[in-house]
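In the two complexes that follow, subunit A is the common piece, with subunit B as its partner first and subunit C second.
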Partner chain A sequence: MLNTVRMSKLMNSILKRSFWILGILLVCLSFSTGLASAQSPTPSDDQVNAIARQLFCPICENIPLDVCPTQACHDWRELIRQMLAAGKSEAEIKQYFVDHYGARVLSEPPARGLNWLVYVVPPLAFCAGIFLLFMAFRTWRRTGSGSAAALVSDPSMPEKDPGSANSQGDAASSAVDDEYAARFEEQLRKQR
Partner chain B sequence: MEQNTINPPAIKRRGAPLWIQLLVWAGLLALLVILGLGLFRAQHPILKIGSKVPDFTLKLFDGYQYQQASQVSLSSLRGKVVVVNFWASWCVTCADEAPAMEAAWQYYQPDGKVVFLGVDYTDVDSKALEFLSRFSITYPNGPDLGTRITPIFNKNIAMPETYIMDQEGVLRQEQIGPFQSVAEIRSAIDPLLSGK
Partner chain C sequence: MLANFGFGVLVVTFLLALFGAGAAMYGYFRKEDRWVESARRAVLLTFPLVTLVSLSLIYLLVSGHYELRYVYSVTSNDMPTYLKVTALWGGQEGSLLFWSWLMSAFASAVMLRRWDRDREFLPWVAAVTAITLGFFLSLSLFFENPFARWWQTASGEVAAMLRPVGAIPFNPPDGAGLNPLLRHPGMVIHPPMLYLGFVAFVIPFAFAIAALVTGRTDDRWIRLTRRWTLWAWLFLTCGLVLGMWWAYDVLGWGGYWGWDPVEIAALMPWLVGTPFLHTVMIQEKRGMFKQLNMILIILTYILVIFGTFLTRSGVLSSVHAFSQSAIGPMFFAFIGITMITSFGLLIHRWKDFKSEASLGSSSMFSREALFLLAALLFAGVLIVCFWGIIFPLISEIITNQKITVGPPFYKRAVGPLFGLILLLMGIAPLSSWTYGTLKTIGRAAWKPAIPAALVLVVLVLTGTHNLFALIGLTLIAFAVCVTLYEFGRAVLARGRSSAENVLVALWRLVGRNRRRYGGYIIHLAMGMMGLAIIGIELFQTTTQQSLATGESMQLAGYTLHFDSISQFPYVDGRTVTRAVMSVYRDGQYLGQLYPRYDLFPDGQPMTIPAIRSTLSDDLYVVLVNWEDTSASQAPFKVYHNPLVSWLWLGSFVFIFGTLVAAWPDKDPALAPVIVKSAFKTAGAD
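Coming up: the complex of A and B.
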């Protein structure tokens, strides 16, 4: 009985120690992985260019930083590489460039000040264009059908086989042709 | 003889309401004004000689100070002739000009009547400090953070450029491109000191 109690205590002690050791090991492991990630290897060109292409060369305008061939741009790409290696995030790097060189270096300018026009005017112009086209088409359709209706309903116009014109547009054009033909014949008759 | 005429039915014109039309025209007008102003500014990029230079503050590089301060504003330099030199480490002709600028600063510094300010235009800080160290530049120098100072003088700046203001903060001289010698720099500054 005594042996069983001793054994049980021993087992408890071993288990407790095991938990402690496991806990310490886990903590050490997490620290080591953290250090490993902080001391990440030199960022690749692809990683650098992923950020560089969102920025424009501040001195040679309209050239993205990732393809700019100047020495200054090379220096800035190296700066991005250093900042990435130091653990800076993409947002932090972009903010650094904005702070140093102004918002003009961003390929997508922030929507403030007059910049918002860039985001608002094109969609508005597009919507206005669609609206104008819609109005124009509607007006043309009404005008066309109105003229056709007027011509077809004109009793002085020659009769036309209704089967020959399937649509109102055809009816309108053929009616106009018939009218001119009728006038032309009338003129010829007068001259004789 | 009865003449056949085509009388299309009167079509009621339906357009956008008047207030929408006015709004659209006003918007277009505003857009044209903005574009026009932009074009006007693009055609007049450089501050004119005789203009009062708007105030600006230059935050100095680490290791540089002016009267124990880490930044200097133009308005605090009233009563002195101010030489603002724009440069960059990637600019080859800036390197040609740098020794003459430092020599001129050494010439004027003892009197305290002339202040030189070096403004580093779009540069990498480490490269800029390397440049300053290489030419032993001692006059106050700092980066043009956010490119706020450069457009005051010239929106289409070409490195190097130097602007010289009189004791009242009025622009009196401008040098587009590098100064070739200390004598050339002195010939631009001395008339302002003698009040000519």
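Coming up: the complex of A and C.
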């Protein structure tokens, strides 16, 4: 009994260790491949655009850097290319632009200080709406369960949509389900 | 001379609008119908007058009167006549006048209707339309005068109506010309459509205010304005789609919607108008949610003005532009006053506009409950949009730092909400008024859910692994199947009962209840558009490469072979640089594409993408004018946009559906009465 417990503990620690080793290996591997790609002679347009797309031109309004035709943006894309060639990471390049031109170059403001409000207010407002609706539904249901049941069991209820009550053929289309439709058609036939 | 005439008529119209508003209210409070009648005629007269003003300006534009600053800024000698005419809405001053023109058309049209039955609404409809018109005319008159002349003074040129002291008239031989980006058919029709949508929403709002003031709590105002609202919605949607088409076709960034504040400003009234179209049905059928409908239509009106304000005041580029522009504060004040008075009125009447039917008679999955939920979801999208536009302004005011709230923010927030709206679009047609549970919905939904589930299975089997795409496409499939199921079931029922053939049954079915089936057609259109949105949002791929002639590039299974590039002048003075590319797929030649960019004499570049469009995907090629190009080497940016065509196709279906729903009845007075009496027998509990 004791042995099996000890064995399982041992196994666990071995597993854990191997996981760690594997993890470290993976990280090293990704670093080395990352470096390898970063050191390639000239980064391609696609590599540049992948970063430029996430940045907004500090001069022209609301135009992502990858499609902005101004000379300034052209220069900034070249800058990205040089930084990529120098082995800078995406985060470092973005940070460089933020440091030089302010947070407005990012397509979304960093969630710091006042900018928290960007992310907090819409969900809060929406949740408030859901809450209000939920409360309305609850009172709605509590006060109305009796009459709703009455309506359903009432066979004289003609159809769900009174708007089409003036046209006999239409009425069939608006029935809740087939059974109901059949019943209603039957009624119509009798009326005729 | 003509400029003076135009300006003079503008002054007269402004005074007439003021008189109309005043006389209408005076007549209402003093209960003197002749004042109301006088107001009606005054508003009626505004349309011919503003038409005179606009025609004067159009004449000045076409005949090249560059001594007027506006004419100078938007036209030039080399522009064709039709573009000179459309330059009426090519700039700030002209587009404000154009707004007034359309507003006066709608105001006059509504004055022409037979008022014998609903006379008590008349004074307030006249007053609201006249005040709105008066406001816009005042902007043209005092701040953005399209007839202002150029004057040469010691300190340079100024624009003014009257000669400044010591100035001499300045008459340039040629104008600056319309921004080339705006010389596109999409941009030529986009503003009129959008503005038509905007001003048409003023009419239901005017009736709503009339109902609030007079305390007429029934749904008459809704019935009277149902078609106006539908037309407004049609124009607004067309305006939005045309804007998208223009952006896709001209701007050359591979998409049609960039979550630009200007776009969002135009979308916001739509986000309120759409649920409004649905919730008014609850009021008509069940006498419920009167207050909600009031809130929605007031919001729509405010957002219409707000949208015009955002795009016209320059506030979006910087809060400082707002304080510099003269019309910004005017708009701000007008929006504030409108908000206070309309919501004040609503609060004042709050109790009178309580629901007729007891809320208790509806259950959680009844159609009215689902409509309410949909309205909430739309409100969620609206909040996201509003906050995304407004927050950068707030941030700039408080921290003096500009920030960007860009596409990722909107996409993340709006995506799930639109997904839920799609789900509701599927469920709601299956629900019934008053009563509904998960069980009744389930029982109605399982049949259309089967093909939707099949779509999901096929998607998974064919290698679609994007979770959002799977959810979105399945929801669209479900909504479309439900709609088709509703059509099919009703047609079959008709066929069974009256032995009509299928087409006749379908025709009669839609004809008998055009509102419902028009709506369903619109739902189908929305499904098609949703398909396009999912296609481009989730599956767009792009690459950029610089090619030498004879080289090729690959994207999404296509091979683009760069054949040649040439540069030549065009008659209107622009220099065209045009590349020829051959497109292959799986080794098979598909045709040639000609991406190009034009350089206008004033230095303005314009990128014109070449698009190969099929139902399954678009190949969108841009000759990148912002990188170096030579006779043998050119940079290309290629986008593969799956399913985009469905957006344009869907918009045609949408127009058709709206026309089906909005086309006037032979006897419009009759239908609502029957509906009402039917409701009384059916819904009374």
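FYI, the second predicted complex is superposed on the first by the 104 of 192 C-alpha atoms of A that agree within 3 Å, B and C clash if a C-alpha of one lies under 4 Å from a C-alpha of the other, contacts with A are read in each partner's own complex, and residues count from 1 in each chain.
Simple rule for what comes next: contacts are C-beta pairs under 8 Å (C-beta built on N, C-alpha and C of every residue); 3 or more make two chains touch, one makes a residue touch a chain.
Note that the coordinates shown come from a computational prediction; the quantities given were computed from them, not determined experimentally.
Q: Looking at subunit A, does subunit C or subunit B touch more of its residues?
A: C
Q: One more residue to check, A:64. First (subunit B), second (subunit C), both or neither?
A: So A:64 only meets subunit C here.
Q: Quick one: classify A:98 as touching subunit B (first), subunit C (second), both or neither.
A: first
Q: Per the contact definition in the header, classify A:135: touching subunit B only (first), subunit C only (second), both, or neither.
A: first
Q: Considering only touches as defined above, state whether A:75 meets subunit B (first), subunit C (second), both or neither.
A: first
Q: Quick one: classify A:115 as touching subunit B (first), subunit C (second), both or neither.
A: It touches subunit C, and subunit B stays clear.
Q: Across the two complexes, find the residues of subunit A that touch subunit B and also touch subunit C.
A: 70, 102, 104, 114, 117, 121, 139, 142-143, 146-147, 150-151, 157, 176
Q: In the complex of these two chains, what residues of subunit B are touching subunit A?
A: 1-2, 4, 6-9, 11, 14-16, 24, 27, 31, 34, 88, 90, 121-124, 127, 143, 145-148
Q: Mind pulling up the subunit A residues that touch subunit C in the complex?
A: That would be residues 44-46, 49, 56, 61-64, 67-70, 73-74, 102-109, 113-115, 117-118, 121-122, 125-126, 129-130, 133, 136-137, 139-148, 150-152, 157-170, 172-174, 176-177, 181, 185, 188-189 of subunit A.
Q: Quick one: in the complex, what on subunit A touches subunit B?
A: Touch list, subunit A to subunit B: 58-59, 70-72, 75-76, 78-79, 98-102, 104, 114, 117, 121, 124, 128, 131, 135, 139, 142-143, 146-147, 149-151, 154, 156-157, 176, 179, 182-183, 186.
Q: Show me the residue ranges of subunit C that touch subunit A in the complex, using the header's touch definition.
A: Its residues touching subunit A are 252-254, 258, 260-261, 284-285, 316-317, 358-364, 367, 369, 372-373, 376, 379-380, 383-384, 387-388, 391, 394-395, 398-399, 401-409, 413, 430-435, 440, 443-444, 486, 489-490, 493-494, 496-498, 505, 508-509, 512-513, 515-516, 542-546, 605, 607, 625-627, 635, 637, 671, 674-675, 678-679, 681-683, 685.
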